[in-house]
Amino acid sequence: MNAPANIKIFDAERARADFEILSRQVYGKPLVYLDSGASAQKPRIVLDTMRDFAASEYANVHRGVHFLSAAATDRYEAARRTVQKFLSAAREDEIVFTKGGTEAINLVSYSFLAPALQPGDEIVLSVMEHHSNIVPWHFLRERQGAVLRWVDVRDDGSLDIEALDAAIGPKTKLVAITHMSNVLGTVTPLKDIVARAHAKGVPVLADGCQGAVHAVVDVQALDIDFYAITGHKLYGPTGIGALYAKRAHLKKMRPFNGGGEMIREVSQDRVSYADPPARFEAGTPPIVESVGLAAALDYLSGFDRAAVAAHEHDLLAYAREQVGQFNWLRVIGDAPGKGAILSFEAEGMHAHDLATILDREGVAVRAGHHCAQPLMERFGVASTTRASFAMYNTRADVDALIAGLAKARGILM
Amino acid sequence: MNAPANIKIFDAERARADFEILSRQVYGKPLVYLDSGASAQKPRIVLDTMRDFAASEYANVHRGVHFLSAAATDRYEAARRTVQKFLSAAREDEIVFTKGGTEAINLVSYSFLAPALQPGDEIVLSVMEHHSNIVPWHFLRERQGAVLRWVDVRDDGSLDIEALDAAIGPKTKLVAITHMSNVLGTVTPLKDIVARAHAKGVPVLADGCQGAVHAVVDVQALDIDFYAITGHKLYGPTGIGALYAKRAHLKKMRPFNGGGEMIREVSQDRVSYADPPARFEAGTPPIVESVGLAAALDYLSGFDRAAVAAHEHDLLAYAREQVGQFNWLRVIGDAPGKGAILSFEAEGMHAHDLATILDREGVAVRAGHHCAQPLMERFGVASTTRASFAMYNTRADVDALIAGLAKARGILM
Amino acid sequence: MDNALRELYQEVILDHSRHPRHYGAMDGASHKAEGYNPLCGDRVTVYLQLGADGRVADIRFEGKGCAISQASASMMTDMLKGRSQAEAEKLMQGFLHLVKGEDASDLSEDDRETLEVMGGISAFPMRVKCATLAWHTFKNAVEEGAT
Amino acid sequence: MDNALRELYQEVILDHSRHPRHYGAMDGASHKAEGYNPLCGDRVTVYLQLGADGRVADIRFEGKGCAISQASASMMTDMLKGRSQAEAEKLMQGFLHLVKGEDASDLSEDDRETLEVMGGISAFPMRVKCATLAWHTFKNAVEEGAT
């Protein structure tokens, strides 16, 4: 996520205007939204596209021959192709819609890993994973005797790739690794990881819930087996996410949820299943949300992504420099090339108190363990304060954060 | 769903105006939407509430201390209370949000039934179940040796309650039964079913995806163990549903999806889980959709439900009478007290051809097996044509259907 | 009746669907396959007698379905009989193009004329599967259906 | 600084949080419980010495947390020491009402005066859990924490 030398221009102020919520106030102060890592705001085009679709072309998909059903099916399948293109997947049937990033990862656990897992089989993961990329594996430990092999990060938050390589052994069934940490901002060298894992015959799942927001992803170039994304962090709706999986895997995977749409034939005694991706999309899918997600990806792709990344990188660098003036503040996560997330601990000030005071200044940040408790343990903290930057943030937002921090210090110390 | 003698007035024309899509045309003809059984259209208040919320109060829920996160959390939890009230549940923590009706049923399968299931354990279900209330049990058959005990319906489509009672034996672990068939319209006597099952110590799951739309549900009065609903048939958004489950069950159930929000503590070696309902809501939930669902339920509850039911019942009776003139048409499902769904087979005319011709007249109906293949087999058909009526339909819609059928006959025969 | 519907349900089509040619099982078929449309639950079985040279010496079909799928199956049997594998493949590709509204100019003039009545389907994308079911089943029978 | 914040972070609160009373483990406690706030990962341990009559003969706490939770725990230990179970229960209920902005008039005048500094929390619903953590933990210690 380093900015290339020669970048096109991205006008954050102009993008800002696309997000209605950003012009609102809280407690009489302008909203400074630095919580996009938890969930991004949605541009007008996403909200309007969803509303318009629901108000004029909506019906259930797939099963109907009537006009609206055909129209809705077209939109739904077009959304799948939009995701395909967004991730540079080879085929549209390698994209499975889910209800979010968490479900995408659980799908891999339930449908790919669980059926063949033997006690003692190992799953390699890093200490900076989000709970969504931890708990499904804990399930396999509790229920089927899987062994979790944890890979440490260095003190700067970067992944210890040699340790990861060393952790992959003959019993490893999966490497489950984040593309970008939601706490540290660390970006992992996926291509290198995949190469090392494949050299030992081990498939790789990337949790791309953060990564896909900030970097252009090419699953074919990465040669990755599974890549999970979530709509609401991609400036899209809640209630939808997607899993990219190689066709060869999907074909062999057993279903997860059972219901309408995912079968071929059902009788009293027998059941057979549809081909992927339908096999993994039981029930009425998030139809309107798929259309919203497509609108969000189109919106994002309408910008020069490198320019957006450069903008976010500039905000991060500026924020990093500004907090440097506070000797009572420790930044957690300083890996080279990291994404636009700044987590820190403030001496003598608890994250919740900080966040409360910042909130009253209109500055929205997260405080807590960020669903990454093993990482908190690794850095010896119970919680951190986290500012995360999106395309619509500006240096003025950083200034507001800095002023708020100074103020909090004044109040609390 | 019989209309009580003394009903308040429901003005369908007025309700109609709340649904923007109903004033559109298809192929230059006014849209006659008779496919609400597959998915209902959404009133303006639902679309506007969702858009407004997303544009002014949106953030991720639960984890944040900042203003928007608090506001969004309030809305999300208020939506839970709206569902609780809608189903007359005793406690709000008995409502688990899911991505739809299908997932709600799968949740019962994965979290309640699967963990303790022994080979030979039995699940009782009826031949008129939707695939969503069949395939999860087939999974348990395939994976854990469960036995499915099928209960027949009578020729008029009514449930054979004695047969159901007889099917419940010492090995029965669950009765899984629809509240209302999406093909026949048959409404099952849930209270009686629950009483008989409980007499033998067996819990009951009702698939309320259709039932809750047309009848007022009181889970406490029914004393039912599990009740599943889906948002998009309740005039609400896609991407959301809910499971009602008795607190005593939920407390003992193990988690389904693993991820953020559903844990208490996670370390490298251990994991502990949050109390219900959070335990079953891994990851970022369908936040905007929950707010939309609440708006839909409020909208529906704003009418006199008995009057709405009477209106739908009138449409069904009128349609039933009108199709009686066609001696080439066989209605499938004529159970007393049935809901507003009319399925039929037309001599010498395939459902798909009928549906195509009706579509060109602006009349949207479903053709196919309606995700109920065992029922198709029971009635010896591959598919049926289905017209389903919602609050916004009128007698004029029925007239359009009848005219379309006559026309189809003219073309095809 | 609107034009698209008139095109779709032409008399030729309805006639084929009411009186399908080569309908019924074939004893001693050399190849056989069953096709299934999960959308509507319709099934079709295609029986073949392939000659030593791979030619379609005989062909029959069986199954229930909508007017479109029945007519398509019936016309298919009419047209495939006697063709070589390469000719059959070419005809099938042309047919697929035609019903999807794509360029079908690689069909021979004769074939194009015969199949023209099927062209109306391209206005009904949701029904294309009905029209292609028998053809895909034929292909399956040839490739994997040796009895 | 806005009024709500000023109310929340009063000097009394900050003083309690910086210099918590009765802080640290207690050897030979008769009762003990650990509280945990899953939102922020904070923990608190409450130690009790309950007399034969059930009175809170001694009380201490330990753990890290935000200013609100620390101050609340510190004040709690100050106030509970010497109380009977019934008095403790009454105080706790009054405190819960107070921080939720509900009617706390059943508190004694003295208690109300002491606790007044905590009233500002009611304007911060997301922080109520911080304030109540120690109290819930105390209750747990009494009810289920016999060592």
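The chains carry the letters A, B, C and D, assigned in the order they are written, with residues numbered from 1 in each.
As a convention for this text, contacts are C-beta pairs under 8 Å (C-beta built on N, C-alpha and C of every residue); 3 or more make two chains touch, one makes a residue touch a chain.
Just so it is clear, the structure is predicted and the values come from calculations on it, not from any experiment.
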Between A-D and B-D, more C-beta pairs in contact link A-D
Per the C-alpha centroid definition, the whole-Å distance linking chain A and chain B comes out as 31
Chain A and chain D have mean C-alpha positions lying a whole-number Å distance apart equal to 38
Between the Cα centroids of chain A and chain C the separation in whole angstrom comes to 47
So chain C residues touching two or more other chains come to 39, 124, 126-127
By the touch definition above, chain A meets two or more other chains at residues 27, 63-65, 69, 263, 265, 352, 356, 367-368, 373
Listing every touching pair of chains gives A-B, A-C, A-D, B-C, B-D
Seen from chain A, its contact residues with chain C in the complex are 62-65, 69-70, 73, 263-265, 274
Touching chain B in the complex, chain C uses residues 1-2, 4-5, 8-9, 14, 39-43, 64-68, 124, 126-127, 130
As the complex stands, chain B meets chain A at residues 20-21, 24, 26-27, 31, 33, 35, 38-39, 41-42, 44, 47-48, 50-51, 54-60, 63-69, 99-103, 105-106, 109, 127, 130-132, 134-136, 138-139, 142, 148, 150, 230, 232, 237-240, 255, 257-263, 265-268, 271, 282-289, 352, 355-356, 358-359, 363-368, 370-371, 373-374, 377
In the complex, the residues of chain D that touch chain B are 36, 38-39, 125-127
Note: in the complex, chain A contacts chain D through residues 27, 350-353, 356-357, 360, 367-369, 373, 376, 382-383, 407, 411-412
